[in-house]
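In what comes next, chain A is part of two complexes: it sits with chain B in the first one and with chain C in the second one.
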Partner chain A sequence: MHANLFDRYHHTEGPLHRLEARVKVVLTVAFIVSNALLPDGAWTAFGLGWLLVLAANALSLLGLGFTLKRSLIALPFALAAISSIFSTPGNPLSSFPFLGMELIVTDAGLLRFASILVRSWLSVQAAILLVAVTTFPDLIHALEHLRAPKIITTVIAFLYRYLFVLSDEVIRLLRARQARSATLPPSVSPHFPRKWGERKRGVVWRAKVAGNMVGQLFLRSYERSDRIYNAMLARGYQGQIRTLHPHTLTRRDWTIGALTVLLILSLQLIGR
Partner chain B sequence: MPITHPSLPVTMPETCDGDILRVRDLKFNYPDGHAALHGVSFQLCEGDKAALVGPNGAGKSTLMLHLNGILEGRGEIEVMGLRLTRDNLPTIRSMVGLVFQNPDDQLFSPTVFEDVAFGPLHMGLPEDEVRVRVTEALAAVRMSAYADRLSHHLSVGEKKRISIATVLSMRPSLLVLDEPSAGLDPRARRTLIHLLRDLPITMLVSTHDMALVKELFPRTIIMDEGRIVADGLTMEILDDEKLLEAHGLERG
Partner chain C sequence: MHPSPLLLHIPDGFLSIIVAVVCWVITASLLAIAIRKTNESLGEKQIPLMGIMAAFIFAAQMINFPVAGGTSGHLLGGALAAILLGPWAAMLVMTAVIAVQGLLFQDGGLVAMGANILNMGLITAAIGYGFHRAVLTQSRRVKLTVAGLAAWTSVMAGALATTLQLWLSGTAKLGIILPAMLTVHALIGLGEAFITVAALGFIMQTRPDLLGESSASALGGKGWILAGIALTMIVILLAPFASTNPDGLERVATDLGFLQSGQSAPFEIIPDYTVPILGGTPLSTVVAGVIGVIVVGLVIGATAIGLRKK
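The block that comes next holds the complex of A and B.
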């Protein structure tokens, strides 16, 4: 019984997988920052950015549509930007009443909303690709190399390790609940003379069980953290995490990194 | 079928002067006041392989947590002639390899390599030496091919063996294992038994697996209610049915 649903790494022998993790992290962040900095309506630059994502997809050998499919999951979050349609000053296009207010759609507002949508969509694809072509431990190492604060990388590493253990525990708790969520057969239970499987427990009952489970989970995690800390102490931990740095940048990494940074910079030039 | 090893190398606990471990009158109360250890004394010599048996709640795990200073009780503990104090905890911890029962607690790093490297790294060893030790420790538990694997993708048996490697890499003088065979299927258990038999290290192993005790450990220590109630040759202790019954044990 294993929950691997958080594993986003997809192995291929692609050139993107062999690229050093630091380079990939820097390029992804640079691409996302560049997207954020492009002005509204820089469609040429957005289009070229998408070509860049497509090229990266191709280099990953995961298929051209790999990130496209997975990026849809982030779309609902872009709806948070919907207010920009009404709040950006510009030429009014139409208006409609909403909760006693008069909402005015402006052309600049629509443009901004569409741009935000495209920006986030491109950025999400870059991030999805990053975690698909880099193993999680490599990502953490890359962050360490890039001087991310030790406490953050350590917390992420623990989170990664124990997310699986915790989700396995959740699955076990859910199974235990299922196994005991029994009903009497219809014939012997006068209160529920319906067919098998029809009876549903009330919301209150289910909320109560869920609450107990969350409490259980918290207690178990709390106790586990104690045991893990002991295991760390037993192996010489004295308050300072140390790690090996097994990664080196090759000439190839430098070249690819520099070239892509140039591409991203030229996106900025084109978009402005 | 019980397996007997009549040719086991037998060390006599009586003649031991405790060159690896000496515990004298160790007492411990849990913070809630519940007394877990009522004056425990015993010794281990170089090459000893001792089983620590007893019912649940007898204080076995509590005792083990004292051996490298995770819990602090009253009494005296000496490892390799070095008295355990707060100042030399790091040294003691590098000499006593403690493996916890649940491998998910023991393995806390994302990859196997990092976990096995944790001990040596935190002992302050240079990188090259750490690598040598990781390779060596993984080879000792026959898991060399697993260095880059992620811990959460391993089976319980594999996790157990990696857990042992995580302390072997510190080259301890004493290996302390808490219920190593719990939850293993017969094959994984067999592999573990071979592994423990071949490791040339002094060992103290708590277990409920009496068949394992009979097969691996020439010496047995029985604990009950926070005290050591018997300490001697496994053959003799396992023959004393009255003793076993009195402390909720079976011959296995």
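The block that comes next holds the complex of A and C.
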């Protein structure tokens, strides 16, 4: 597998890439919090929020539609929010029976559903852009500077570093399963009828095979971690991962950060 | 090809800020304890191990098996991690997994991450380890059976917690979403249970020392049994009660001040448009829940025995 299959970083020489990672993290979280705080139906503020996302896209030099194209990822979860249409107080618009319940569609319910979708859509775009313009190691260092516990950031750094390796392991396991543990589905079996007494391979059997593979993956990972630790010790590991990046906040970082925070605050004023 | 397991990764925008912050506070406090405990009991060697184990859980979630109709089952891993690594380390490992899923793949939000870690990492690990700790000295068959039960219960608890958070945020109507989530996750939990049991069985066979008396999996205190029982009781008592009588829960929550006043109004404007109480008394629904758990236990037990025969 290619080592950067999981990487979401897209390199350009854009101004957003040069911004300090801490500033980007804080601004992203502030924008998401701001979306959550805006009341239902604050369409002007939501629209301006989208302009902010577009502006950030433009500054990233990745193309105006960069986050838009990738923003439908949270859509399946909208299923869970559909029920808000019936649960929010407001003027009843219509009603219909559902599984013994009488569901009443309210105007406020529809408004809430639409607002939840827009909030989620804006927030996910901010998060997508964050990882597109920040390398993952920089992101982890930003979290450390923002006082995230060292042990967690270190575990995350290891996870990121070895995810590729273990994913390769998984792909090998899956390929081996495909090659060797096939069973004939009933529909294509007339030429190869199942021999008398041969057990039918049901879903429980498949689950068991998957479980065995998980067990095997665990053992391989466990043994690999031993080797990794020894190798790290041999190279002088003293309990922390080092970095050569200075990670300093410049005046430019402060200015851009403060201005964007002001913009986000004004979204709140407009939306209320 | 990253996995997107279950309907449990809450994206940003679906939780109200109050619910999100409260979940972050709970998660952060539990993680603070977990960090302290891990620092006390583990050497520096454990940090690379936990990192690799986090990558293992992440990668293990990619191993799937076809169920029916194009759907597939796979692992969430909280219970398995807790049984293999001990409760506190498992919590840190699951936190890292969920953090990377949210940060890198937008599988779950950033502000909602506190809730996601709580639902999929902390609750699942506590239940998984609580069950396991109770049968630490028992036979292999009992251990595997109980591990399966723990895995199933942990998924149900995660689903229940997710549903309650969405409901308290005013995002979902409890009467619709809770039965749906619990039914779906009762099936998903079976997959979790089968994989967990098979994986543990495999490890017990090939490397019994990793689950032996001096391993990390035997280090937790007996308090975990109580924590596991308490969380399970909440699932058994609350889930059937809430699914058959969501109005009751809504009223309790309003009385206790959990629901914002803006949301409590509708139940006066639109009186009693909801579910006919299916089972009658709350007692009967509780009994139904207990029976459900026993049935699943028997199914998993039968599988464990089947595995042993091999």
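Rule of thumb we're sticking to: the second predicted complex is superposed on the first by the 218 of 272 C-alpha atoms of A that agree within 3 Å, B and C clash if a C-alpha of one lies under 4 Å from a C-alpha of the other, contacts with A are read in each partner's own complex, and residues count from 1 in each chain.
As a convention for this text, a contact is a pair of C-beta atoms (placed from the backbone, for glycine too) under 8 Å apart; a residue touches a chain by one contact, two chains touch by 3 or more.
None of these values were measured; they are calculated from a predicted model.
A.B. asks: Applying the touch criterion given at the start, work out whether A:160 contacts chain B, chain C, both or neither, answering first, second, both or neither.
C.D. replies: In the superposition, A:160 touches chain B and chain C alike.
A.B. asks: Considering only touches as defined above, state whether A:137 meets chain B (first), chain C (second), both or neither.
C.D. replies: first
A.B. asks: Per the contact definition in the header, classify A:210: touching chain B only (first), chain C only (second), both, or neither.
C.D. replies: Touch status of A:210: second partner only.
A.B. asks: Touch check for A:151: first (chain B), second (chain C), both, or neither?
C.D. replies: Second partner only, chain C.
A.B. asks: Which touches a greater number of chain A residues, chain B or chain C?
C.D. replies: Touched residues of chain A are more numerous for C.
A.B. asks: For A:242, decide between first (touching chain B), second (touching chain C), both and neither.
C.D. replies: In the superposed model, A:242 contacts chain B only, not chain C.
A.B. asks: Look at A:234 in the shared chain and tell me whether it touches chain B only, chain C only, both, or neither; answer first, second, both or neither.
C.D. replies: first
A.B. asks: For A:127, select first, second, both or neither according to whether it touches chain B, chain C, the two together, or no partner.
C.D. replies: It touches chain C, and chain B stays clear.
A.B. asks: Share the list of chain A residues that count as touching for chain B in one structure and for chain C in the other.
C.D. replies: 136, 157-158, 160-162, 165, 224, 228, 232
A.B. asks: Using the touch rule from the top, collect the residues of chain B that touch chain A in their complex.
C.D. replies: Its residues touching chain A are 65, 68, 70, 90, 93-94, 96-98, 100, 102, 104-111, 114, 117-119, 121-123, 127, 130-131, 150-153, 166-167, 170.
A.B. asks: Okay, in this complex, where on chain A does chain B touch?
C.D. replies: Touch residues, chain A against chain B: 2, 4, 135-137, 140, 157-158, 160-162, 164-165, 224, 227-228, 230-238, 242-244.
A.B. asks: Touching chain C in the complex: which residues of chain A?
C.D. replies: The touching residues are 5-6, 8, 28-29, 32-33, 35-37, 73-74, 76-77, 79-81, 83-84, 86-90, 92, 95, 98, 100-104, 106, 112, 116-124, 127-128, 131, 136, 139, 149, 151-152, 154-163, 165-167, 169-170, 173-174, 203-204, 206-219, 221-222, 224-225, 228-229, 232, 239.
A.B. asks: If we count contacts the way the header does, which residues on chain C are in touch with chain A in the complex?
C.D. replies: Residue positions touching the partner: 1-2, 7, 9-17, 20, 31-32, 35, 38-39, 44-45, 47-56, 58-60, 62-68, 73-75, 80, 84, 92-93, 95-97, 99-100, 102-107, 109-111, 166, 170-177, 181, 191, 194-203, 206-207, 210, 262-263, 265-266, 269-270, 273-276, 303, 307.
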